[in-house]
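Presented below is the structure to which this report refers.
Labels for the chains are A, B, C, D and E, by order of writing; each one numbers its residues from 1.
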Amino acid sequence: MLDIKNLSVSYGAIDAVKNISLHVDDGEIVSLIGANGAGKTTTLHTITGLVPAKSGSVMFNGHDLLKERNHNIVTFGMAHIPEGRHVFTRMSVQENLEMGAFSLKDDSTMSDDLDMVFGLFPRLKERRRQLAGTLSGGEQQMVAMGRALMSHPNTILMDEPSMGLSPKLVKEIFAIIKKLHAEGITVLLVEQNAKMALSIADRAYVLETGSITMEGDAKELLHDEKVRKAYLGA
Amino acid sequence: MSEPILRAEHLGITFGGLKAVSDFNMTIGKGELVGLIGPNGAGKTTVFNLLTGVYQPTEGEFFLDGKRMNGKKTYQVVRAGIARTFQNIRLFKQMTVEENVLVAFNESFTYKMGGAIFRTPRFWKQESDMHAKAIDLLRIFNLEGLANTEAANLPYGAQRKLEIARALATGMKLLLLDEPAAGMNPTETEDLLNCINTIRDRFGIAILLIEHDMSLVMNVCQRIQVLDYGRTIASGLPEEIANNPQVISAYLGSDDDTDSEEEN
Amino acid sequence: GGNMYATSEDSMKLSDNSVITLGSVTTNSGAAAAYGEAEVNGFKLAVSEINASGGILGKQIKLKSMDDKGDVIEASNAFNRLAGEKDVIGILGPTISSTTGAVAPLADQNQLPSIAPAATSDSIETGGYLFRTCFKDSYQGEIAAKFAAEDLKVKKVAVLYGTGDPYSSGVGKAFVNAAKKAGLEVVAEENSSSADDTEYSSQLQKVQAAGAEFLYAPYYYSAAGPYIIPQARAVGYNGYIMGPDGYDGLQITGNKARYNKVLYTTHYSPDDTSNKKVQKFITSYKKANNGASPNTFTALGYDSVYMFKQAIEKAGPNASRADIRKAIYGMSFSGVTGKFTLDSHGSPKKSVIVLEMKNGKPTYRSTIEPAK
Amino acid sequence: MKKSMLSIKQSYIVCAIGVVVLFGVLMGVCETGAVSLYVKGIIMTCCIAVIMTTSLNLTIGVLGQLTLGCCGFEAIGAYSAALFSKLLVANGVVMNDTVRFLLVTVAGGLVACIFGVLIGIPALRLHGDYLAIITLGFGEIIRVIIQNLKVAGGEGLDKGQQGQALIGIDRLANLYVVFWITVVTVVLLFMFARSRYGRAVKAIRDDEIAASASGINITYMKVLVFAISAFFAGIAGGIFAQYIGALTPSMAGWLQSINYVIMVVFGGMGSLTGSIVSAIGLTILPELLRAFSDYRMLVYSVVLVLIMIFRPQGIFGNWEFSLPKAINRIFYPKGKKGKNGDAGKAEATGVEETKEAKHE
Amino acid sequence: MGNQIIMFISQIFNGLKIGSVYSLVALGYTMVYGIIRLINFAHGDFIMVGAYVLMLTIPAIIACGLPAWLSVVPAILVCVAVGVIVEKAAYKPVREKGNNMTALITAIAMSLLLENGSQAVFGADYQTIPTIIQIPSIAIGDLKIDGATIVTVLLGIIIMIALQLFVSHTKQGKAMRAVSEDKEAAILMGINVNSTITLTFAIGSGLAAVASLMYCISYPQVSPMMGAMLGLKAFVAAVLGGIGSIPGAMVGGLVIGVVESLTKAYIGTITGGVITSAFADAIVFGILIIVLLVKPSGLMGEPESEKV
């Protein structure tokens, strides 16, 4: 379980995240919504150590993530699908997936894991030898997701997985998130597509210019008047 | 009907064996707003790249106001009147917001190097005229307060708007917008929709819009053309497109198949 | 406008100072640093010897050394700086011809006598305040051609030189001209881009194929020793190889036999027992430098200091810079690098010694007197 | 937008006065004999370095293209000027020294400029490290060609001998004239950078694709910048030739070019002030280090590494010094942005046209 | 006629002799460039450091009764140490705070530092290296081929294959590729970016020591400046082959060596003496320029086209 307390992050003079606290319980889907520049990506980046925190604490299953070296975090069972996918463009689809298993000491499960991912994303199986850089945006998103799954995570941070995807792919991606959830994986989901995000999440936080302004049951927030006006374009 | 702003005939391009776009036909009249949609990798951005001279078509031709544009370099196409925004935002990051717009006004300046070096009255006059025009333009997008901010420091939404403002400053007849609402939430998208309507009314230009956000596309486009694997699979009025079974299966996805997708 | 080149009328005299200050401008960093370093070692040895034996006219000598990086601007600045210090009575250096060429007019304008130990280019002569201790390029090329024709009696000669280096190309071209005059057949004229290439096999192979009996390869010891000579032997060329004074200190690598039939013209012979100065120079250098051997540039630097000594002694305790210049002009000098007289352009007329490598050791072969 | 206490045009006048005062000081110290030939020589060297660095800054800092061949153009300018000067004398053309100096220097600049265009058109199709290496290559080719030209060796013209230093060049460079050439260079570069041309160039630096999509002819602008840089490098070369009086092909080498690149980066890319200060600073630094004699270059390289580690954006970043601003700050101290430390940021967003670089 | 052919072949081997050394050096450039996009200008000077270590250790190694070439072991150790220290002390802080250009200047400054530093320690003069190994030359009829050339070429090919296998098939190699493509994503995979970069530097610097050995076998002399021109040529080789590409570095080095050699041998004859062998360097650069204009990413480099 992930527990963030009083976290603040700044880029030089810009305070991107101001004293936020949030938690994600095992097996939950928690959604983090907010306008552009609210600090969502920054929050996720701080959790996995890509950006240093100014103050606060991030506890994950007994590990103080802010004190850990960032490349070790994945070994605790946390995977992060970054904003903008960040696939390794000059590696093939399969190599990308194999990179996902980099942190595993033992790679005997590799072929089973690959089969699992290919089962989830049959399209990737067809394209396993293609360089990831030449894939379409949606296919790259699948690679990013599959790659994260390869590290046997129990918790996945997802940053705008639906960005730039066709409506059909968006539906597919959300279906997969639900399926992961059903398998017991914990998900912290950042989304612009607030409607979809809130409809599959258990709980949600609303981030506004670096601060959490609302939190609660996702379905309730979905019907909250303020949220509807600000994020759902009602 | 008089000569349309844009007429594309059988445009196509191949990347090392891959036909990214083929037999692309389209006409856009003055003041029209046309949508271009299709699955990821269908070739939409590639169409924009063809229309702006980033890539040269391997087949077909296209005309702006009846003038053939094949073989023209990007800057020539832009000067002739086609401007665009980019799917991955491309601003002049280390320049201020106002400078970003002024760069696009470059062709409207007539002072020459000598004028610049000797700071002639013409230099001063044009610089101050352009400054005024730039601020006017920024005002449409509520960006005038940020005129002296470095573009890199703008919030994402503002960056998207600045890209549009910059494109407008080239003084084009046809504006190509590539996923302007990507990464925006529905409320911000609505704000953008208003902006698009404003500029179309105010400048009387034609717009070609790529977008995956159906609420935007269906609301603002007069006609929509759908690409899949580089080919046009449908084109028509928004309602027709929304109900076209081929479009639904390739692009929109049916509302009830979300669960079946993952199983196959 | 400001006249940059006003002369300093109020130049000091020797009597104004309790010590005699000599400035030096040499190349101590960059690609040619090795030569400058060797010269400075020569200066230092001479200065300490002179000071130990009572100085010049009873005064100790002080050396002010400056590095020019082999760069003309740096050399000019360093020279001007020393020229501005009124106690500096003369300059040793610069090291290489290009910086010397830039400094030569400054010496005249500052009326500051300068002795360049090893700048060999023909073109730097002014006949004013700049003098040198070494032969000039054309002179050595001519001597070598004469030697090939008269002493070795070869017919087919070849030449290899670096166009990028004024020394190498200056000597090489002079050789070609003289060789043609001497009736030799120049069967191959090969070039390298610079004088510090490492690979010459291609050109050498052509020299070999052209059937040359004698190869003139004017380079420095650093290129000739480890590269040119072994590579020439490796492509099967077994004829004579001759070089200029740059060969002094030739470094032998690998099989010593490869260096047989290698000759060079130089200023002095280490095994020349007739010149006591040579032996004294070599032993005291070895003593001061942990047994390391001096090379030509050290010897030339060493002599240059003694040239100043002789001139200052002649000019007397009240001499100004201009008086010292007068004393150097046309002087006859006898030092480690031979007995010579400076001509009206400031270059020495020297006898040339030809050394031949035998079993890895340079041995005396003959002395060629300057044409009168 | 921050209001300036002095109008733009007034500020230009202030800068002009500043330059004239500086010149007065220079003339004062020179005429009264307060400075030695050595110091004059260093000032001359600084002027040459300032011209080289500020013009190179246009390509590297403003256009954002790394070139390692600037000394090739300097050498072309130097050799052309030297040979042209000899040609004039050989043909018995009599003219005032200063006129001849200016004439041949500009001729050197023009020849370099022509080569700039010829080399720029193909080279500028490449970017980044590839452009750097191709310009380095052109520099080396220029060096080798000069080295093998008969006319560029020995005494030049008919007496030329390849591979030799070109000597006997009339040393007509006069410090006062060179000072004004330097001022004019800086002013021209400043005016260029602060105009629609400069804006277009900066746009290309930030994003080429977006720049062409804004109607800018990238190739034309790049070649223009390259040609301007080459022109001033040629001017610097012409001055160099007529100051030193002797030229060798090695001046075109890449190591020399890298020296100027170091100056540009060290000063802060895109900052004219930075270029000027670092050109002067890095010219003087090795002179100051003469005290360390043998370890001079070692100390120099250590200083360079340390500065890059602790100040990687260069000493000035992209900040510009502005005399009018400094005056405003002194005489109208109520302006809120008076803190020295924050001056950089405040200036960067301030009224652009008042930024004037003045050299110290 | 036969003579001409033998001459031609031996000219090619003359080119391979220096070319194979360029290749070894270029491999080091390419490794480092491939991962952090930095032209490590000091790489040529690592060779110089390696050569000095050889010079100092060979007598001791021989005194121990071991073959002289074993002194490559201390050379590798010292070069790796120097490479890693340079990376940690200078490049890393600059990479984190500055941009490409400042990193490049730091590399140049580092190169100056190593050159002037070793001059301060060893003096500026050239020093010879004792014979390391006598590799007999091979004679095929009239054709004599230098043994060291063959060994260097073979060694280059072996190293190239080993590197290629390492980079594409081992975990560490994949980590290198991942870091070179996307550092953030690499961290998320659990890759220690800093140690990966350090490892790359260590490999590159170790290669420099091997290159020193092969260089000193053919060209037995050291001086503080020896790395400058060698480094530049090797860098040109790496760019010609396509910087970042391991086989490209190998091919680039050999091509440059052979072009140099053939130019020196034939250009004068072909152009009737108008262009002499002194133009060899210019012709090498000319070829580089033409290749880059035709194929901007070098002979074997991957095109880096930006998708709009």
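The rule is simple: a residue touches a chain if its C-beta (ideal position, glycine included) is under 8 Å from a C-beta of that chain, and two chains touch if they have at least 3 such contacts.
Each chain and its UniProt protein: A = ABC transporter ATP-binding protein; B = ABC superfamily ATP binding cassette transporter, ABC protein; D = Branched-chain amino acid ABC transporter permease; E = ABC transporter permease.
Small disclaimer: the values here were computed from a predicted structure and weren't measured.
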Task: Least hop count linking subunit B to subunit D through chains in contact - done: 1
Open item on the list: Starting from the defined contact criterion, work out which chains touch subunit C and subunit D both, please.
Closed with: E
- [ ] Name the chain whose C-alpha centroid is most distant from the C-alpha centroid of subunit E.
- [x] B
- [ ] Starting from the Cα centroid of subunit D, hunt down the chain whose centroid lies farthest away.
- [x] A
Open item on the list: Measuring centre to centre with CA averages, how many angstrom lie between subunit A and subunit B?
Closed with: 30
- [ ] Calculate how many whole Å lie between the centre of subunit A and the centre of subunit E, each centre taken as the average of the chain's C-alpha atoms.
- [x] 43
TODO: Would you kindly tell me how far, in whole Å, the mean C-alpha position of subunit C lies from that of subunit B?
DONE: 72
Task: Distance from subunit E to subunit B - Cα centre to Cα centre, in angstrom - done: 48
- [ ] Mind pulling the residue numbers of subunit A that touch at least two other chains?
- [x] none
- [ ] Two or more other chains in contact with one residue: find those residues in subunit E.
- [x] 116, 119, 228, 276, 278-279, 281-282, 308
Task: subunit D residues counted as touching two or more neighbouring chains - done: 144, 147-148, 209, 294, 297
Task: subunit B to subunit A touching residues, read off their complex - done: 37-41, 87, 153, 155-157, 179, 182-190, 212, 214-215, 250-253, 257-259, 261-262, 264
- [ ] Could you pull out which subunit A residues touch subunit B in their complex?
- [x] 14, 33, 35-37, 120, 122, 135-139, 160, 163-172, 174-176, 179, 192-195, 229-233
TODO: Under the touch definition given earlier, write down the residues of subunit D that touch subunit E in their complex.
DONE: 60, 66, 122-123, 125-126, 128-130, 132-134, 136-138, 140-141, 144-145, 147-148, 209, 254-255, 258, 261-262, 265-266, 269, 294-295, 297-298, 300-302, 304-305, 308-309, 312-314
TODO: Provide the residue numbers of subunit E that touch subunit D in the complex, in ascending order.
DONE: 33, 37, 39, 90, 93-94, 97-102, 104-106, 108-110, 112-113, 116-117, 119-120, 228, 232, 235-236, 239, 243, 276, 278-279, 281-282, 285-286, 288-289, 292-293, 296-297, 306, 308
- [ ] Quick one: which bits of subunit E touch subunit A in the complex? Just the residue numbers, please.
- [x] 171, 174-175, 177-178, 181-182, 184-193, 302
